[in-house]
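One structure below.
Naming follows writing order (A, B, C and D), and every chain is counted from residue 1.
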């Protein structure tokens, strides 16, 4: 890539200025020749030639058919969504040394911040307390704290120590509690090097007062937190369901919350929109959020910044550093979730 | 105090086990001879002798009349509330070298945690979002984030850098924004040594996206944030009113919130209970909390822990280290608020 | 002090520009009327009047006779040395509410930095290794590391958790080892609140791989580390003697180092200059430094900065925040060392 | 790798127990079938079959000829030295999806610790001061600090922000100075995300008081710090030459140190052993160390720990996380240094 590389920006369903701040868009244009970057989809007749010319593809899913024939020059595929593109011929990409990258780490800060906000809302009863004041039935001081507790000094468990956890962990450290993690893909040595105590899942569920579910969905972790595991959670602990509903048995979770077994902060649901009559809408034991942790306007620009940072490196024939590379060993697990 | 000192525990309006965990109560009994420690007030006829004998007084206000005559042996007065006792003859106490101490720093963690929780609830619209889900009118993902923003990287201003700020500051550091403070009693050198940038009040109000009002009430700061100053706050900034409503012109604040000029998280009110028909109850621009930041059950034990830690030192004829000593220069300002 | 207070700067044995940077000296002159601030001692005939007029005294020892009669206006005595002035009538000072302050915390950073430097020099054999290269007898790589070890992850013990320890502790945290402390004046609760584990002295000596002796000399701790205690130190541990030789039995220490029982970094000696023929000069088990931890030119200005910061507060009738106040309970112990 | 993988441990010039602690060696044997792991080289006649069978190769250089034919099963090549193996057919390795990994990050802590030790020794004159005491010509207190300075608050520049820098950076943060970095392979966005300010090399040299040379040698950076660049260094700054002498013009460096232009801490030399009469041996402006930063006995086990951590992951068909993967774009630059 000694000449200025050519990039195709084709983010189905996402607008250019939703992902790229104006500064980053200018940086992108300084770095590469942009073959296409509009909010509308590429017309069919232009597409064929553009694909032939592209060195870098910035997309939000794979909808280009065969990699082998259509992208003869491609050096990098960058997905701006949170997961790996499906339908891509990864073997071909790896064989050709094409970087397959996702902007998932760019979600880290906004999602982590919301996860902490939901945790505090749950234990300090912030949403309930706000609602009480609006209805004129609030209790002051001790009267309003009969069932609250603090995050400070509490044992915390993290399920899935990836990009969100990496952003959340520093926010939790000043609260002083022990932090443990379960992540079967990372190994105990890696987890310890990050400053968390590795724990088997069941032990983590039993011993943590705050449990953050941050695992990316995979074919391995569907309903990982099934009814039996959810029943291990300590009374009055707080479960923060942040990454995907896929990871829990949502009906079992709803049952246990209905019984008041523990508390929850929930940002993701098995169906979105959640059915209007879903009984979880009425439960006081949960703080509910409509998949809002990862779409803050300014937060989305974190994604674009990572993309342009790595495009700059790719344009200089250097390895990318900011986006997350697809790992050959995990592709099948992650794209079949 | 080479013999075991004698302590009177007489916390008007607070129960013993509300302040002292059972462990700390045991430690207290190991350290001193407790002359009186019941939830009921001391009978008048016992009181006179007890006061004569007390080396240490643990109270929640001063209701003993003249210090001079009634407490001949007193070495320390410890107030477990958040402020200095009123009505005490401080000159006499200072002259006699009696430590006058408050457990105010013990409120730091619980209040700081709530302040952060309210800040996140305000910018990420957690309470509003929860309420929307209960009413079946939630918007998902980008639709639910049209007016949200993040705490990450935002300029933060702290008004009053005392015990609450000392506990809050570490929680804010990992969010990466610049942190400035206004505190006329501390001096710029001290503030800088704590890692914050000193700023004049008006500049802080204009430049901060999150403003934490943490100043203890004093005769100097009544309605410090008057209408003119509140109007300096940037559009869509978040004001966190945490320490006392005394510090703001609450009607002006309500007006500006009603106009949607900025947002707020409010834990304290000029009248508590707040009148049922106060118009702030209906405003979506504020997250409301019924003076609940500083009365978490387990949080209150932080107060007792500090008390017993210092009683242990006093019993060994050592200076106290954990409670906050009354400063001679500030007593009048603080007790006439 | 509503009018501009008057200050006498009379630092026996220290030059003005050794303590105050030019910026801080300018700040001082802006804040107070300086009655005397020269490197020469005050002439006897001027002195009497100056003392009568002084609100604030900045000195490096007490050589003014009776406080009672000679300083009718005095509000603060500030000693720029590391310890409390001797010969002062503390009872009179406390009775009159005069602040007695020392600039000791200003030594923290420079001394802490040297303490860490000596620790690394000892375990990584930096001085020995440098000397070997000059003599052409160096061994490379593994050959030069047969007896070295790392600070990372090692148990650290701190004896005396005051100003130096407060500056050293943050430097040690990233090395990841557990940090314990022994300080009989502070109490376990305080130590824990600072993030260190309180330990009895003997246990600390036995269990620590790096032992930092940072205690201020007092009448209580003369030869606290006597031969018996020094013998508890683990083989090949490192003793850093930083605050004062007063705290150890120096002959016993020399014996044990001569036997190669453990290592040391030593900045302070019972006699300075150390006798030319003292056998410790020849021992390879110690890194030696001629009381150089606390006199770095730029480091001395830390003292002056603290002084002026607090003079600014005193001039505004506010309590000082940066200098260390004399504690009534400790004065006798500290001034009779 | 669902069956237990087979590993060949063949670390030319390094002993098994020099790299692996007994715990880690036990872990290795639990995880893989070890085909060969002795300190002696493999006999020729055994070698052919062993290579045929190996899934994982743990080596310290490549001395096996053609990858293509001899290692039909190989999934990972792990070099326990600090650099990439030379002579390996990287294209073939990448094409086959073989992980090429180095244990370089395992040197981070021991080297970083020494770099800091040398920096403190240089500015606080620890080795010089120790030598003075042995020769009975030491100066005490201010007399011994006429030319010393502190690391606290000084601008720091890092050249090469890789594994050593990642370990050193946390050690420098508590010293409070600004930290900038030059690394042409990483990009400004990445550097900022690590909390350092990216700077062009010349600006970094001019503006830093402490300059850490940590760059891995490559065909791009031979004598990167040539005479002209070395002359940009500020008077009395400290250059820490840590990674490789390759990166500087050593004769120019010696000249400038001889003139007393700045100071240095030097752990690596263009020839090792350094010629006995090299004039740098006599210069007081440098602290000298015989390539001793990266061979501490217990430090070497950091390498082995990373190796076994990743072997555990590989054995479970998961991507490695601890060792450093060879980047396709950098292989040629790094192996032709």
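Keep this in mind: a residue touches a chain if its C-beta (ideal position, glycine included) is under 8 Å from a C-beta of that chain, and two chains touch if they have at least 3 such contacts.
Here the structure is a predicted model, which is why all the values come from computation and not from measurement.
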Matching chain pair for B-C (criterion: over half of the contact pairs shared, by residue number), options C-D, A-B or A-D: A-D
Distance from chain D to chain A - Cα centre to Cα centre, in angstrom: 34
Shared interface positions of chain C, touching two or more other chains: none
Graph class of chain-chain contacts, one of line, ring, star, complete, other: ring
Touching residues on chain B, where the partner in the complex is chain A: 18, 109-110, 113-114, 116-118, 120-121, 124-127, 129-134, 136, 138-142, 144-146, 148-152, 170-171, 173-175, 272-274, 276, 281-282, 287-292, 294-299
Parts of chain D lying in touch with chain A, wherever the complex brings them together: 94-95, 97, 185-190, 193, 305-306, 308-310, 312-313, 317-319, 321-322, 327-330
